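Beneath this line is the structure, given in structure tokens, with notes to follow.
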Amino acid sequence: MSDLQRILDEITAEMAERSDRGEVASYIPQLGEIDPGKFGIAVTTSDGAVFTAGDAHEAFSIQSISKVFTLTLALGKVGDALWKRVGREPSGNPFNSIVQLEREAGIPRNPFINAGAIVIADVLLAGHQPREAIGEILRFVQYLADDDTIVIDHEVAASEQATGFRNVALANYMKSFGNLHHSPELALGVYFHHCAIAMDCRQLALAGRFLANGGKSGGYSVVSQERARRISALMLTCGHYDGSGDFAFRVGIPGKSGVGGGILGVVPGAASVAVWSPGLNRSGNSQLGSIALERLARAMNWSIFAA
Amino acid sequence: MSDLQRILDEITAEMAERSDRGEVASYIPQLGEIDPGKFGIAVTTSDGAVFTAGDAHEAFSIQSISKVFTLTLALGKVGDALWKRVGREPSGNPFNSIVQLEREAGIPRNPFINAGAIVIADVLLAGHQPREAIGEILRFVQYLADDDTIVIDHEVAASEQATGFRNVALANYMKSFGNLHHSPELALGVYFHHCAIAMDCRQLALAGRFLANGGKSGGYSVVSQERARRISALMLTCGHYDGSGDFAFRVGIPGKSGVGGGILGVVPGAASVAVWSPGLNRSGNSQLGSIALERLARAMNWSIFAA
Amino acid sequence: MSDLQRILDEITAEMAERSDRGEVASYIPQLGEIDPGKFGIAVTTSDGAVFTAGDAHEAFSIQSISKVFTLTLALGKVGDALWKRVGREPSGNPFNSIVQLEREAGIPRNPFINAGAIVIADVLLAGHQPREAIGEILRFVQYLADDDTIVIDHEVAASEQATGFRNVALANYMKSFGNLHHSPELALGVYFHHCAIAMDCRQLALAGRFLANGGKSGGYSVVSQERARRISALMLTCGHYDGSGDFAFRVGIPGKSGVGGGILGVVPGAASVAVWSPGLNRSGNSQLGSIALERLARAMNWSIFAA
Amino acid sequence: MSDLQRILDEITAEMAERSDRGEVASYIPQLGEIDPGKFGIAVTTSDGAVFTAGDAHEAFSIQSISKVFTLTLALGKVGDALWKRVGREPSGNPFNSIVQLEREAGIPRNPFINAGAIVIADVLLAGHQPREAIGEILRFVQYLADDDTIVIDHEVAASEQATGFRNVALANYMKSFGNLHHSPELALGVYFHHCAIAMDCRQLALAGRFLANGGKSGGYSVVSQERARRISALMLTCGHYDGSGDFAFRVGIPGKSGVGGGILGVVPGAASVAVWSPGLNRSGNSQLGSIALERLARAMNWSIFAA
């Protein structure tokens, strides 16, 4: 696997020279100020080794990547009953589209578009105060990454809360169809906070191990093998918003992106990968992160579609 | 692999007893008259063995499954230039929706919805008479299955042509945006005929080998490894219309369904599978075929998401 | 004009016998509890006479009819600059559709759908506290009806505020496009309160005089002749949600309906009419109110399309 | 009424000087070649007088204005049964949108969008060969205008037929829902031919008299008073595609525009007006024609919303 380190270093070097870095998200100041020159990557392999390159130790806002962890928690809480309130199909629309909700009576298409993740936040509120639900999510991520230093960036959360009018619209719209059990404010409070978790690539790759390892993380079983497969399938079909088909076509591994520029990739049986570069492509996914994962998957023959 | 025969037999026996067989497509008489009690399955493994069970030797109308073969041919003809005229994203809509075409100016979302396949038929017409283009497709399928007896059911083709008003609408709509180079009638002629190819499960499983075997079929290279991976990725994200996410979630292998009740499944490096049962579920995919593939993938641990 | 009294009495008698009374709006208890047997009608003619029949002296929630008055006030404040933030076209969609807002980047189609009226509430907030803006609207209606006893039903307003999730969604959605200058909460506060104004048919007919009289009400000029014409034109094309075309076709006079079962009709140069019956038809307009106005317009030859 | 002649002359002079003439439709050569400098206007008053100015005696392609005449004929044939197959609501969409047809299962929103007019052409085919149906429409227009010299421009019809892919799409789409009784080709043949009727402003104003005169034309009753009112109401709410609300707001008279640059306006009890200028505004209606009608309606106080 010293090959892997060399490959990561080569990719990092190539990415440093590219000028097509996409656009950094700027809807809140905390994201807009990030240096677009950043690039980091980390890989944990099934034998427990960790490889890093570039800015792999600098924390960033994981944003929508957190939806993988809240989905996992929600499935643990309510199991397949979840699928009565959230679909499992790609959306065919931008991540914050409200059109589909009108056509499908308040049922979001999948757990990775914003509306779906807000429903899941609502699920995680059951029997909890928002503060407790947020704490549970954070502790779960800390446990997965085996790292208690992971925190929520409260400035980011506050900023999202102050300006996230479209998410407020989505939540209230679903509430009007009865698909939120708590008040939109509470569900959004949980949602904005888990999106504001800050992690570095190394922590994120570690947190994703259970999906690559048949549900196990560091010897412990987090979810069943079947559930790990199914969450991975959802990542492949829905993990990159309206660029999910393209990511599957070009990269060929399950992944989940965030507007902070991170992507978590899962190679079943082989590796968990986290990459970060703040500039986004047209579909809202990390421009260089996507390219780096394409390079890595090809070099390692990691495509799940490979014979 | 005698296990595999036993598993196929068990699945066939289970399917014979199920009463939830879905609805047989009835928009043309030739499809509506098929006995809903039929069920067949065939598997070819990477070592060249073929296993069958049930009605695996009875020909059926492959319909949209043919789109996998026309996509392969079109990529061979024009390469990645194809993607200027067809997208690679799941549609988030029924297979014959015209709404998306209005929003995206005549560019169909992917090659497996009807509009996308009509564009591909138009690509295959370049430099050809319709009869020649149809002949080329048929010969390609015969070559892949190594079986010259495969034919087009001209009664089915004629019936589709006489009643396929919505497909005529789709073709003319795209033509109005300039995304057909030939007349809608010609492109539709090719489309209706390749959808009317009749094959049995055994032939279909053989024809799908190249996708499971890194682009090779019976020792010959049909497409590059990368292209085989990419076509498989499109099958996973878009192969079951608006039920693609659910199929990936439950079954976990690339597949393409047809309204005749067939499904072609691809297990990279392991097997090509064809299943047939005429009753369709709500998304227009074979009801028992989907369940049978779920059983088979679980029994053989064939999910591409498995660690 | 004693004919007119006779006609109103006949219409009232006919309406009393009809059993097809539509469905009373029930999304808040205050509306759902209204007796569906109620029917009232009032007409003020251009010579100042007032005719009433049935329950014309019983107050009801005017709801969306109030949008005529807030539009008039907003045009007085900002003039044609208003049309940069609100369109003038029929919506082709239900009154609370959010789809159109996505397609048209947060600009509502007209001032009479909910989204449009919320923008207008935002306009009326300029330089005001919500309480002041609400007071201004109420005083304007009292002035038009020459009746200081008209009040806001605060229980209705509170109930709308507690359950109006879809309106909250609309407001936040427009805010995300920058088409609200104040917070969604403030604009909604004004909106919910002016919808909760309670009036009887007689008061409402009086309040509508200025539109029938070329902008004048009781000798005073409220708006210019041109503005009165234009507001009337908007009522005709957009005043009955997605039933506006049908109302123009059958009744042929400008009108604005409310979910409380009221309709304000304007006969240019002749009369202002208010009718009330709580049961609604499929488009959300008063079932008997529409029929009564059709009868009245025919009997009086009041259609603006009559030669 | 010598005032009227003076007003027409002044308007014509003003229009001659304007440079904002819109864009001439260019989707077929026959329309694209028209001189954008043309402007003509004609008015017939209820006392039988005819006033003209500018290029009022030059024939142009009436295009969608013909839909007023085919609607009148179809209502004469099948009466209110027509409304089971065509709606009466503004579309809230461009004139050739197919989205609405998907949502409303093949029922076009109104008789003046293309889809609606194709259904009406289908109605007029009942018991007829296409040639006969086309002949019936032409004779009806000749009768209304009292002018046997009016003809169909067969070059225009042939050109529309050769390139009208979107209309072919609309027709086939409705056929797929069962809302055409004849083949799409036949209905489209009738549609393309009646759109290709060529008339000058004078002829068109004469043909529109019956709508302004309570259903009577030259002493004969063409339709009942009620039907004349109702057709006028449809013109007001739906006659200018997605600019209908704006036309009602600014001009205030029922009108129907065509992509050839003509508009037929109806002033109930007063006048029938035809105006022609080939350049179109953003909504596809004659740019100068709309402005000229606004000027005329204001000068003559012809708004149907005037007190």
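Chains here go by letter, A, B, C and D, matching the order in which they are written, and residues are numbered from 1 within each.
Quick note on the criterion: contacts are C-beta pairs under 8 Å (C-beta built on N, C-alpha and C of every residue); 3 or more make two chains touch, one makes a residue touch a chain.
If you're wondering where the values come from, they're calculated on a predicted model, not measured in any experiment.
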Quiz item: Which chains does chain B share as contact partners with chain D?
Solution: none
Quiz item: Can you list every chain that touches chain C and also touches chain D?
Solution: none
Quiz item: Among the chains, which is located farthest from chain C on the basis of C-alpha centroids?
Solution: B
Self-check item: Rounded Å distance between chain A and chain C, as computed from the means of their C-alpha atoms
Solution: 47
Self-check item: Approximate Å spacing (C-alpha centroids) for the pair chain A, chain B
Solution: 32
Quiz prompt | Rounded Å distance, chain B centre to chain C centre (Cα mean) | solution = 55
Practice problem: Scan chain C for residues touching two or more other chains and write them down. | Solution: none
Quiz item: Which of the chains touch, listed as pairs?
Solution: A-B, A-C, B-D, C-D
Quiz item: Hey, which residues of chain C end up touching chain A in the complex?
Solution: 97-99, 101-102, 165-166, 168-173, 175-176, 184
Quiz item: Which residues of chain D touch chain C in their complex?
Solution: 46, 87-93, 100, 109-110, 212-215, 225, 228-230, 232-234, 236-238, 242-246, 248-250, 252, 254, 268-269, 303-307
